[in-house]
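The next block holds one structure in the form of structure tokens; read it before the comments.
Chain nomenclature is as follows: A, B, C and D, assigned in order of appearance, with residue numbering initiated at 1 for each chain independently.
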Amino acid sequence: MQPTAEQIEQDLLRPLFHSSGKYWVAVAIAASLLLAGVAAFGYQLYAGIGVWGLNSPVFWAFDITNFVFWIGISHAGTLISAILRLTNATWRRPVTRCAEAITVFSVLIGAIIPLCHIGRPWLAYWMIPYPSERHIWPNFRSPLAWDFFAISTYLTGSTTFLYLPTIPDFAAVRDVSTGLRKKIYRVLALGWQGTPRQWQRLEVAMHIMAVVIVPVAVSVHTIVSWDFAMTLVPMWHSSIFGPYFVAGAIFSGIAALILAMALLRKFLHLEQYLRPIHFENLGKLLLTMSLLWFYFTFAERLTAWYGNSPPEMAVFWESIRKHFAPLFWTMVVCNFIIPVPILAIKRLRTITGTAIASATVVVGMWLERFLIVVPALEHKFLPYSWGTYRPTWVEDTLMASSFGMMALLYLLFSKFVPMISIWEMKVGLQSHGGVPMVAPAEGHVVLEGPQ
Amino acid sequence: MAHKWGMVVDLDRCTGCEACVVACHAENNIPTAGEDQAARGRAKHWIRVERYWEGDFPNPRVRFQPVLCQQCDEAPCEPVCPTYASYHTPEGLNSQVYNRCIGTRFCANACPYNVRFFNFYNPAWDKPLQLQLNPDVSVRSVGVMEKCTFCVQRIKAAEIQAEAEKRELKDGEFTTACAQSCPSKALIFGDLNDSASEVARLASSNRGTKLLGELGTKPNVTYLERGTWEDATHG
Amino acid sequence: MERRDFIKISALSGVMATLEGCRSAEKQLIRFIPEEELIPGIATIKPGVCTVCSAGCGLLVRVMQGEAEVVRHGQQGLIKMGLAKKLEGNPQHPVNQGKLCARGQASLQMLYHPDRITHPIKRTGPRGSGEFQAISWDDALKEVSAHLGTLQASGSANSLGFLSRPLSGQQGELMTKFLKAYGAPPPVWYQPFDEAVLRQANLFSFGHAALPTFDLHLADYVICFGADFLGTWNSPVAQSISYGEMRQGRPGRRAKLVQVETRMSQTGANADEWIACRPGMEGVLALGIAHVILAEKLAPQAPGSRPGSLIDGWQAGLPEYAPEAVEKQTGVSVAVIKRLAHELAQSGLAVAMIGGPPLAHTNGLFNALAVNALESLVDKSSILSFTPQTGDAAPVQATLAALHTLSAQPPQMLLLYEANPVFSAPPATRVREALAKIPYIVSFGSFIDETSVQADLILPDHAALESWIDSVAESGSSRAVASLAPPAVLPLHDTRPMPDVLLGLGRQLGGEVAKALPWATYDAMLRAAFVPLRTRPGSIDVKTDDDFWDAAQTQGGWWSSPSTSPPLAAVKRAPLSAASPQFAGAAADFPFYFLPYVSQSFADGSLAHLPWLQELPDVLTSAMWSSWVEINPNTGDRLGIKQGDLVEIASQQGSVRAAAVLSPGIAPDMVAMPVGQGHENFTRFASGRGANPLSILAPLTEQETGSLAWAATRVKLVRAGGPEQAKLVLFAGGMSAFPHEQERR
Amino acid sequence: MRMLRGWRRALLVVLACACTWGVVEILLPRRAARASGPPDYVTTGVFTPAHPSVLAAVKDFVDIHPEHPVQPIAYTHTMHLAKGLPCTFCHVGVDQGPEARIPGVTVCMSCHQSIATDRPEIKKIAAYQARGEEIPWVRVYNYSGSAHVRFNHAPHIRAGVACAACHSDLTKQTTAERKIDLNMGFCINCHTQKKVSIDCETCHY
């Protein structure tokens, strides 16, 4: 049964105007996690990084794992919504904004994490290439400098990519709201009237952004992988890291997206809009990524094992058999053995099925980054200087607070912006009858062709 | 011709007495971490004597290997530092500029020799132990990476002295704290560009190898292999 | 506003949100007028003498201006003064030739140690409770001289005891003169690892009751039985210097080092060939080698009076020491014994050494005489020699017997100086109980340790770098060496040098003592002792005594010009027959030999209070801040002990617990522990840390000399817990062999 | 009632998170000692390069230092320089060592025992000497601890750099003040003009 245009508008605007008790409980939990993280960061700033579990030779662990994890999550959003827009997949309409929201917030968290994990955060501004009388510039050969540029570009890119499609919705909210809310949304809507010229310009802008954001997203995670690949550390220094990380990013991103959509569907009662077909398609996408991830992991480990160079083998056996074996096999179970059967069998590929699979994938992908970083650093070249690593409560708190921050941002976002784009749903409604699509304002052909 | 400071470690002379380790602590204001921090892997030794067992009882063999910063020409830690805190000086030293370091710790991860140490906490000396601190060497604070500097304060002092006396630096006029204290003269420091210097002569010996040389880091520390009883003619 | 400030303030505001709390700034201290003229930032180099071990190396102390918190006439304040920043070896000093060992470098921390006693303290709580309370120097000295006076007046002058570690310089002379003039018995010298057995053996074999000097740089073949001569034995720096030359000092000539041990020491780790021998059987092995040399006439047969004659059966070619018999007793195969004999006799200049664990058995003297005999057989150009002594005083004999006299009839009053028998003497000597019985104890130590905590009054001595120091090198150089050093820095605390305190007490006592110690200050006494050396050919040839005295101070001492070492002549004595080592504890109940070896970081435990040494990774196990037990990996597997587990070692005397370290360099039937940890109260860095192996030693003594046989205890070993309880702190992660060969040039 | 059911579901979520976190903790290799706090800064018995307080840290970061230091004695450079005294008369050792020594009270009293002993400031100096105390001058030129700058006066004096180049012309100042902001840019410009090395290790090690 097709919801009518009015019903769409009413359903999607409802969360903006009143929130249930459960919403405030969720916000409270997320805010408390975030506050715990801020307190932990304050203590770490006061005392020093020593409150973490890092030591020599393991100088990176939870900090870089969380960084790569959150930047990984962010890639699914833009990539999926961009690709779906470019390929005109009709089922994309309710999915794109959730995805873009995940991207923006996880890039934001990903950008904040390095600030919290460097030894002297108050000097982080030296990463900015400002001209100074000291004739000192950042070192442009350093992968961290590339990270800085790549992530700032990606943050601005994905924010604009999120903001453009929401302008019509801001206008819709502006028209129905009053008082202060009206003033805010009038500003946010940038004076949108829905004239054909505005629609035409919006379409072109979204089209350009969709085309541009894909290479930026791919480049960001390649550069993040070069934080490892550009060193001589065994099991890091390999050319597979670029594609491996991008595949891993899309993989964990889709999983996060499915999870977020499942939660939204339940809590914001969007059953009519986030229908099983969406979970079906995303589930298939998750299945392909799981297979691709397994292929990359197998290829990397096989080449290391087959090459049999002693430093590499020291790290290899460490994660396959010795210290990190339980974590390694948990990762393989989470990323491959659980998701593939669930997603492959049509009967299991229901909403709850895909949600379960993606939950394990998110955990698995966090472990995967952890198992790239820590075993290699612990067993680097000279056996005398090998070390062991154990996290401390500060690192656990900071990790939990990153999830808390994501949840908080997402919950607040769902209060201020309709999670599903109203105008796109309406456009989708009209095109359903096989008639060439005409924009709400007449006289203009919209992007997609006949169904 | 600019200096190119280098060192030769004669593994046949090194007895593992670790006088170099304590001399380095005394010269370069390296703090002791205390039992708890040492247990967490934060003890700092700019030079360490690595020991490897080979074989089992009744005829085990031990190999001692003093390891310090190799001041590599192609140092993996230099390109990765985002703020130029780790860079190569014209005199061939891999310098660590403490106040430019923001503590990303990327250099320590990139270093294959694990000779870089991080100040996880502000170092603390129970008074009056701090009176021993060498005023020529800066006391590092929290969040900063540190490593062997080939006793750069001694290099600078000697260069300033030579410049004041308008003369060239002579080989052996000064040396690093570890080489000076090493009883069996296993550590020899000097200017590799000065062909008359002892270190240059020894660095070209056929016993010379480079630690992890296969990684292409071009270290400036040459290890002279241990001799065996058979290959030396005995009188 | 500048761009840079804008960025800073914006970054700052983000950070400021999280910071809170601030503490009171350092309160402003007044500054005193400096008592010496130093240019800030410029170092002045002053001579010094290292007092950490008996080798007596010469130091150069780098002194730079710094600001110290001091107390001047009752007020706390800051003063600019010269502070010792770094110790380096004195290049002209013949013993260490500009080099220094790890412990010598770390001794600088004694000067600035936070737990140094800064003024005289008097006991308030019960003895040994450690509760002291400050007392002024005048009252303290008044109290001590009162006690000395009443003791002398009451006619029991002979019940004044002086317990100290052996001192080779004028300090020892001063103590002996003071006690002799006072009418008291000579000082009791005590040191746990005192090598008295070797001195006794050298007296019999070579006529010199002293530790030997080895010119290893001349040697081609060195066979060493147990002595850790590159680590802690005898004069380690001098021996390491000549070791370096012996290895790579002579192009085309590289000497071989064979080490015979049961547990691989730091020296053993450098050996070309390491031979495991059953403990206490080193002498038998040496005679087995001598047997092959004599039987196959590999070396010229020496005349009768050689040290060989001291061994029963030497003239007859040592019939009972056929290689087959020796193999059964020592576990070393016949082929190896024969090969060693041939190599030893035919490879240029050879030398045989013995020291440390092999002499710490009930048959220690026999082992020493056996190796000395082998040495005289193969040493063609006297690589083994004896350092000529400046004075006539025979080196000090510190044996366990001396401690027994102390506990047998405890004196009325005891003076203590830098000896810690409560920690390092075996429990059976009952030193703690003996001290309890002594009515009045005065200690001159600068730290509270297990022994000085029993004192009633502590008169803190200056640190070594704050006082006049001299020492006569017993070994380590072919020239006679008398090191001398004026104070390198002004005193930091309200302490006074022990010699001046003794001289002061002597003046107050008057009479015989004042006559015997006529000098106003200790440096006057030193001057009187040093000036006669002017006439002897040596490193200073000047005309007047004053010039000589000044030159000696600036040079860091006087050493004779190189002379031929004194001749070696065996003493006529009845030959000693073979004796097998006895062990305390039945083999069935206590299956393992127990070796408490001298630690590379803490020597005999007297340096455990230095943080640099506590954090120095032990070279063979990389352990820091902890105690450990070395166990053979197969033994570990058999008993289910893994690396880092807590194990308990028990002997008849007691038991200790420490972490297990599995190391291939030890015999399956032996367990070894480093000495040094396990202090009850010895400053904040050493108290309550690790276990003390000496506390479970049996009081067995060497038959002939009465010296403690500290390697003659058997123990049993049992796993007592996991790594969490053991808390072994290792600096190294991997113990496995070097994974790949280095890339040759 | 509905809230209760929601509450129970929230409890389930928390439990799930706890057990996944527990699983991760157990699987990770053996647990070392719990995170210990930093060495205790507060006791005055410890020397540490940490700033004594957060406020001090902030001030040091934003280079706030008193423009007009209040000196214990109203010493006037103008008068002494007018009398023809060279800088090195009081600031001894500037041409030999890295630091120019701030004169002790004995240096002042070497002249002021006889000259102008009636003035109140000179009496104050005499009082300091009588008490055996140094004059607690407030240092005007020094670097924050974290700058790790090893400035050496001697080579600069030998290279002919005048004192006024960095310390501004003191003939016009009573108590010395930081007229010239000796930041890194100032040094770099002078070094580039004089064609002297601006390699980091020249000043920072």
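The rule we apply is simple: a contact is a pair of C-beta atoms (placed from the backbone, for glycine too) under 8 Å apart; a residue touches a chain by one contact, two chains touch by 3 or more.
Values in this document were obtained by computation on a predicted structure and should not be read as measured data.
Under the touch definition stated at the top, chain A and chain B share these contacting partners: C, D. Between chain B and chain D, the least number of touch steps comes to 1. With centres taken as mean C-alpha coordinates, the chain found closest to the middle of all protein C-alpha atoms is B. Set against the Cα centre of chain A, the chain with the most distant centre is C. Across the assembly, the chain pair joined by the most C-beta contact pairs is B-C.
A separation of 29 Å divides the Cα centre of chain B from that of chain C.
Mean C-alpha positions place chain A and chain C at a centre distance of 64 Å.
Averaged Cα coordinates give chain C a centre that lies 43 Å from the centre of chain D. Shared interface positions of chain B, i.e. residues touching 2 or more other chains, are given as 34, 37, 39-40, 48, 50-52, 65, 84, 100, 121-122, 126-127, 129-130, 136, 142, 212. Of all residues in chain A, those touching 2 or more other chains are 46-48, 50, 52-53, 57, 121-122, 124, 132, 383-385, 387-388, listed in ascending order. Multi-chain contact residues, meaning those touching two or more other chains, occur in chain D at positions 30, 32, 38, 41, 45, 54, 61, 152. In terms of which chains touch, the assembly is arranged so that all chains touch all other chains. Listed in rising order, the residues of chain D touching chain C in the complex are 30, 41-42, 44-45, 52-56, 58, 61-62, 92-93, 96-99, 101, 104-106, 129, 132-134, 136, 152.
Residue ranges of chain D in contact with chain A, taken from their complex: 2-3, 6-7, 10, 20-21, 23-24, 27-32, 34-35, 37-38, 54, 61, 183-185, 188-189, 198.
Against chain D, in their complex, chain C makes its touches with residues 5, 8-9, 12, 16, 19-26, 28, 30-34, 39-42, 72-73, 77, 80, 114, 723.
Considering their complex, residues 34, 36-37, 39-40, 84, 87, 89-91, 93, 95, 97-100, 121-127, 129-130, 136-142, 149, 152-153, 156, 160, 163-164 of chain B touch chain D. Only residues 38-39, 41-42, 45-46, 57, 121-122, 124-125, 128, 130, 132, 310-311, 314, 378-379, 383-388 of chain A touch chain C when the two sit together in their complex.
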